[in-house]
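Have a look at the structure below before the remarks.
Think of it as A, B, C and D in the order they're written, each chain with its own count starting at 1.
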Amino acid sequence: MKRKVCVVVASRANYGRIKYVMRAVQQHPDLELQLIVGASTLLERYGRSVDIIRREGFEPDRSIFYVVEGETPLTQAKSTGLGIVELSTAFQDLQPDMVVTVADRYETMSSAIAASYMNIPLVHVQGGEVSGNIDDRVRHAITKLADIHFPCTEQSRERLIRMGEDEHRVFNHGCPAMDVIANEDTSIDNEIMAGYGGVGTSIDWTRPYILMVQHPVTTSYGDGMNQVMETLHALCEFPGHQKVVLWPNSDAGSEDVAKGIRVFRERGEASGFHFYRNFSPEDYVRVLANAKACVGNSSSFIREGSFLGVPAVVVGDRQRNREHGGNVVFADYTQASVKDAIERQLAARAYEHDSLFGFGDAGRKIADTLATIDLNYQKSNSY
Amino acid sequence: MKRKVCVVVASRANYGRIKYVMRAVQQHPDLELQLIVGASTLLERYGRSVDIIRREGFEPDRSIFYVVEGETPLTQAKSTGLGIVELSTAFQDLQPDMVVTVADRYETMSSAIAASYMNIPLVHVQGGEVSGNIDDRVRHAITKLADIHFPCTEQSRERLIRMGEDEHRVFNHGCPAMDVIANEDTSIDNEIMAGYGGVGTSIDWTRPYILMVQHPVTTSYGDGMNQVMETLHALCEFPGHQKVVLWPNSDAGSEDVAKGIRVFRERGEASGFHFYRNFSPEDYVRVLANAKACVGNSSSFIREGSFLGVPAVVVGDRQRNREHGGNVVFADYTQASVKDAIERQLAARAYEHDSLFGFGDAGRKIADTLATIDLNYQKSNSY
Amino acid sequence: MKRKVCVVVASRANYGRIKYVMRAVQQHPDLELQLIVGASTLLERYGRSVDIIRREGFEPDRSIFYVVEGETPLTQAKSTGLGIVELSTAFQDLQPDMVVTVADRYETMSSAIAASYMNIPLVHVQGGEVSGNIDDRVRHAITKLADIHFPCTEQSRERLIRMGEDEHRVFNHGCPAMDVIANEDTSIDNEIMAGYGGVGTSIDWTRPYILMVQHPVTTSYGDGMNQVMETLHALCEFPGHQKVVLWPNSDAGSEDVAKGIRVFRERGEASGFHFYRNFSPEDYVRVLANAKACVGNSSSFIREGSFLGVPAVVVGDRQRNREHGGNVVFADYTQASVKDAIERQLAARAYEHDSLFGFGDAGRKIADTLATIDLNYQKSNSY
Amino acid sequence: MKRKVCVVVASRANYGRIKYVMRAVQQHPDLELQLIVGASTLLERYGRSVDIIRREGFEPDRSIFYVVEGETPLTQAKSTGLGIVELSTAFQDLQPDMVVTVADRYETMSSAIAASYMNIPLVHVQGGEVSGNIDDRVRHAITKLADIHFPCTEQSRERLIRMGEDEHRVFNHGCPAMDVIANEDTSIDNEIMAGYGGVGTSIDWTRPYILMVQHPVTTSYGDGMNQVMETLHALCEFPGHQKVVLWPNSDAGSEDVAKGIRVFRERGEASGFHFYRNFSPEDYVRVLANAKACVGNSSSFIREGSFLGVPAVVVGDRQRNREHGGNVVFADYTQASVKDAIERQLAARAYEHDSLFGFGDAGRKIADTLATIDLNYQKSNSY
């Protein structure tokens, strides 16, 4: 009998990271994919990534709305709670042999708690990393609940073992987000990108542009508006480059960051800027791969950026302690600091590819491990 | 301004462990106690420990019902989720400077997630222990969410640091459950115990008795009924001793264990047995302190038992890997194994006191630390 | 395409009332049955009626735990809320063409709100009755949310129309609970009843017995214990009859009533009494049909009792204003009043059958209506 | 002892309607106001009316986030459920003598269910009206749960009695929303309105303008975008008038309507239009009172509009069956129909004041009734 592998996709970012695992599970003779989509994947405001998921051949077994509106730390906690209430029922119905959860956000915690309390083996992808904010706590807490770990780098693998995880249950197969890059054409042109609406100055994708993605930082809730405006103003100092901006993720503080962007636009400063809601993971990689530089705090700059060798300016604390390749320069939350860093990176042009996050075949390797690993495992914790 | 210390008490066991911390916080000039009671503390079936809490001078700021009935792993997960939904609102209202959570059960996880997501410093008492079951995962996951740790033994302190916690935020002040023993008269007589109803043969507390407390073991849900009956039958082989039995905790599987006890009673085998719902923490200590032996899987046998030197027979896996003193003998889930162990322990009589869990002054020391520790702390996790 | 009829069964009583509708839907060529079981149907303490449901050939599409433990008005409200949260997801998944809900309790309200908010036509069975307690409010509120009504008596039908419901959407096909009686053998013997455990003096079902079923009355929460003890003591005055007692339903106050029964038993007064958790709807009808009298406040005394002609003593307010047949005598919550009424009823022996609740073919008639009624209906409410 | 009157304000519209009741309760010697704010009153996207509430002298006792994001009928049901879960805890804490709930939306249903299940007398303001959509069901269902009714018109009062409510518990004191008009200066100028941001062509409030407020209609979910665009295009045909547009309420479908407005703006058709998120109830009345005409489907056009005599064009079905004064003309969801109606109404200029909704002293009268009415009332329902 096939092992039922239940993947919970709860945000746009989740999907980009886990898509090639889903595909490999779907194609594996000994595995059966169960898919639950939830939280911001279902919401207009975050681009309804469920539509992309469906279009790419994955039919959800369950769709669960569990975002409590408010975008404060309070409602983030509530969403986690509501997610547990509903995901547990879905797990009960679907009776998976294991549950796969990705990364470190609150939607992820919901799956982790529901599955581990229900004695369903929990698989955690992208554990063991450190970025220096609250996500670290959540990521490490999920590690302690999980049975099988797929960290994305060697350093992460070692950290998980140091934290007490059984080394026979920790596998560094690289990062499945890299599979998107390795497997798909990353060239860009205006035709490909024509479908994405957005607002602002229209972009000619064949000409130089800088990509900006700046998420709220949950431990300093309330500063998001100023922080994003410093970055936006720094970008204004590069009139020779087009500016492609992605709206922030659903998160405590995202409304704050979004407000900064709105104010910037309403003041009429946004000449040369175009603002997008969402790209498919593939198209996002195209946008990143072809940028002259990328600015903000998206972990994709460190992750896909190092694989692709894109010059990245990482602003603020959010990724400060994260393991990174040579393509990254850090900057403070000030216009001047960001401007300097962009200048340096534009001068650097492109970097060499870096195998820090693997070879782009993580999905298949993870599926192989899931098909064969012993599931009758009693986690010891007695180190 | 006083620091507001919010303690969440969500079960009878929680209360016994944290009571002297609550008292010390209440009496500390720089601290203010906020009390939330919830989950099984409010339920008749588990003896409504909220009544004892009130009687002992603690008035709850909030009372929250969040047990989803069912007592399966599924409903345990749901209860955790519902707890988060409601506790987050309470934290928002009460605006504590820190939240204190105890031990390792699902009610504890609810507080831990709500507080840490809301950026309220999280204090965890009794972290770092290992017992060999799912509680370990939950306990360690809470560790990763927490900011300040009060493990109860040296070995636990070291484990927390090994797991990556900052050693300047980890304090071994001993176990606050010991404070109950150290501070209160532990002698017993019939008058003291007269108020407790229960059912079965009446107990003469001045004559020899064996105490039995056997909780369900959440990873082997479904076996509880057989397991408890083996222990009960073993106890039948000691007709010279009275048998004092406590009903199990609210937990996945507790209905199962309770059923075993009911069947045993209904078959008329319970001669010499008396079954109680609940004792106050003080009276529970009296009962334990004066038992000729204690049998089952309560962690109190290892904890208070070692402090008191009470001969303990620990049945099954639940506490197998837990650090313990010389007073403990382990047995399997069979009548024969339990019987043998009881015989050995009755022959041993009492053991020496053991300082494994401290000196009975943990409450005061913890309060002192909470009054002075730096709360503007950014957890690093970058070990 | 078949119309998908989603029935929500949320308690033992629900099932008895709707079973023949479910069967008729299952057998109808133009209808497809979808079944959701939830709340107390899944709980040990209430006899897990889901097991009976399965045994009788109905496989649930969804099983949803949504009872928040506490059995107070507070937790009853919470359960309703949690039920809505989860049922809405189930309705979204199952995409029924209509939702069928039964009677008047809080579990029913959850289905009614979820369905009507989601624009799914709502079918209400047993609306329009009055019993003089909070159930009336809930029942009438569900009426105002519902699109199609199947009241069980002529008087109820008229009341619904008086309340403003469209007379073309209100059908008196009789009460589907009567179908159980009309379709199944109601004779009783010891062999049939052997499987039911329970506790107390063993019952010889071929000899005279009195049936007692007393539910908590939600508007006078807190008095349940005294009320039930008065009835129990009255029954003690009939030593020549065996006493068959059913534990109360899940409801605010049921713990209170259950406690009264426990105290009564523990005082050793329960000689001649046997206490049961649950019967299948068929066996319950046997028990009722063959009782010399029935005592308490179950609506089955009025409903099935009138169909069968069983002498009934209805205690207290719960059913005081309910339309009833000639088989009913009312009594107060005092031992003396109940005793007198029992004496009168035992003297009366059996009553004539009464067609007040129809002819035992309601299930089939309801299914026929559901198969043909216009579902593109905009409720007017503009009377 | 003062009677504790707990008012639940769960949306911007709620507040405008109940504000003068709150004030009168606050000032009444025998009453004490308890205030719970929740749902969209706390959300940025709906203008955080909690800030206005605070500024006007009402300090909430509880703030509860319970909007599940999605704005579909599904999430509306979920929000209702989540609201019940949390409001019941708040009621338990606050122990009100009665709960006041307003009108007919899902947030209102949450309060109604929580209070009535908890046996707290439920007061319903604005019951008995009919508007021809799903709100009618909810409004009438709340009526059946409520103990004390304050309908706003004579016709509504009669309907409540016809539905079976006790005439001694049904009071037509007029509509408390009128109190805002009667008690406050309704003149408008640019200084007063300067604080409101919004986007679009700037408005000179001393020159002619048309007000547009168009909410989603929940029974025809999905058409909102087209409907709103027809109205917007009709307004374009009046270039001589400025256009003041209010964003829609939080409701299933509001995202749909909002999208229509966004598309309209992004196409550059919005010349002469200004779009606002929110006004205080007082300022909203100023805006309405001074409009040359108002267009859309806000119930305020019928209610305050008749009191003020403002020419109103009511578009679509939402208010079709509502009792209205002479100031109303109805139009279909087409540009042509709306345009014609606007033309007629601009020609009509202002209408006479109409006492259909009372005399602007409802708040005080309602408070007086609440201070004296018998609260030990057993609702009969036995009509």
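One rule holds in what follows: contacts are C-beta pairs under 8 Å (C-beta built on N, C-alpha and C of every residue); 3 or more make two chains touch, one makes a residue touch a chain.
To keep track of the chains, here are their UniProt names: A, B, C, D = UDP-N-acetylglucosamine 2-epimerase.
Please read all numbers here as calculations on a predicted model, not as lab measurements.
Engineer: Using mean Cα positions as chain centres, tell me which chain lies farthest from chain B.
Structural biologist: Between chain B and every other chain, the largest centroid distance is to D.
Engineer: Taking all residue numbers at the chain B/chain D interface, are over half used by both copies (same) or under half (different)?
Structural biologist: Counting shared over all numbers used gives more than one half: same.
Engineer: Go ahead and align chain A to its copy chain C using Cα positions, then give the rotation in degrees, nearest 5.
Structural biologist: About 180 degrees of rotation relates the two copies.
Engineer: How many angstrom between the C-alpha centroids of chain D and chain B?
Structural biologist: Each chain's C-alpha centroid was found; their separation is 51 Å.
Engineer: Using Cα averages as centroids, what's the distance between chain B and chain C in whole Å?
Structural biologist: About 41 Å separates the centre of chain B from that of chain C.
Engineer: Touching two or more other chains, which residues of chain C qualify?
Structural biologist: Residue numbers touching two or more other chains: 65, 74, 78, 82, 85, 89, 92.
Engineer: If you look only at chain C, which of its residues touch chain D in the complex?
Structural biologist: So the residues of chain C in touch with chain D come to 73-74, 76-78, 80-85, 88-89, 91-92, 106, 109-110, 113-114, 116-119, 130, 132, 134, 136-138, 140-145, 159, 162-164, 218-219, 221, 252, 321, 378-383.
Engineer: Provide the residue numbers of chain B that touch chain C in the complex, in ascending order.
Structural biologist: Answer in residue numbers: 42-45, 65-72, 74-75, 78, 82, 199, 255, 259, 266.
Engineer: Per the contact definition, I'd like the list of chain A residues that touch chain C in the complex.
Structural biologist: So the residues of chain A touching chain C come out as 62-65, 82, 85-86, 89, 92-93.
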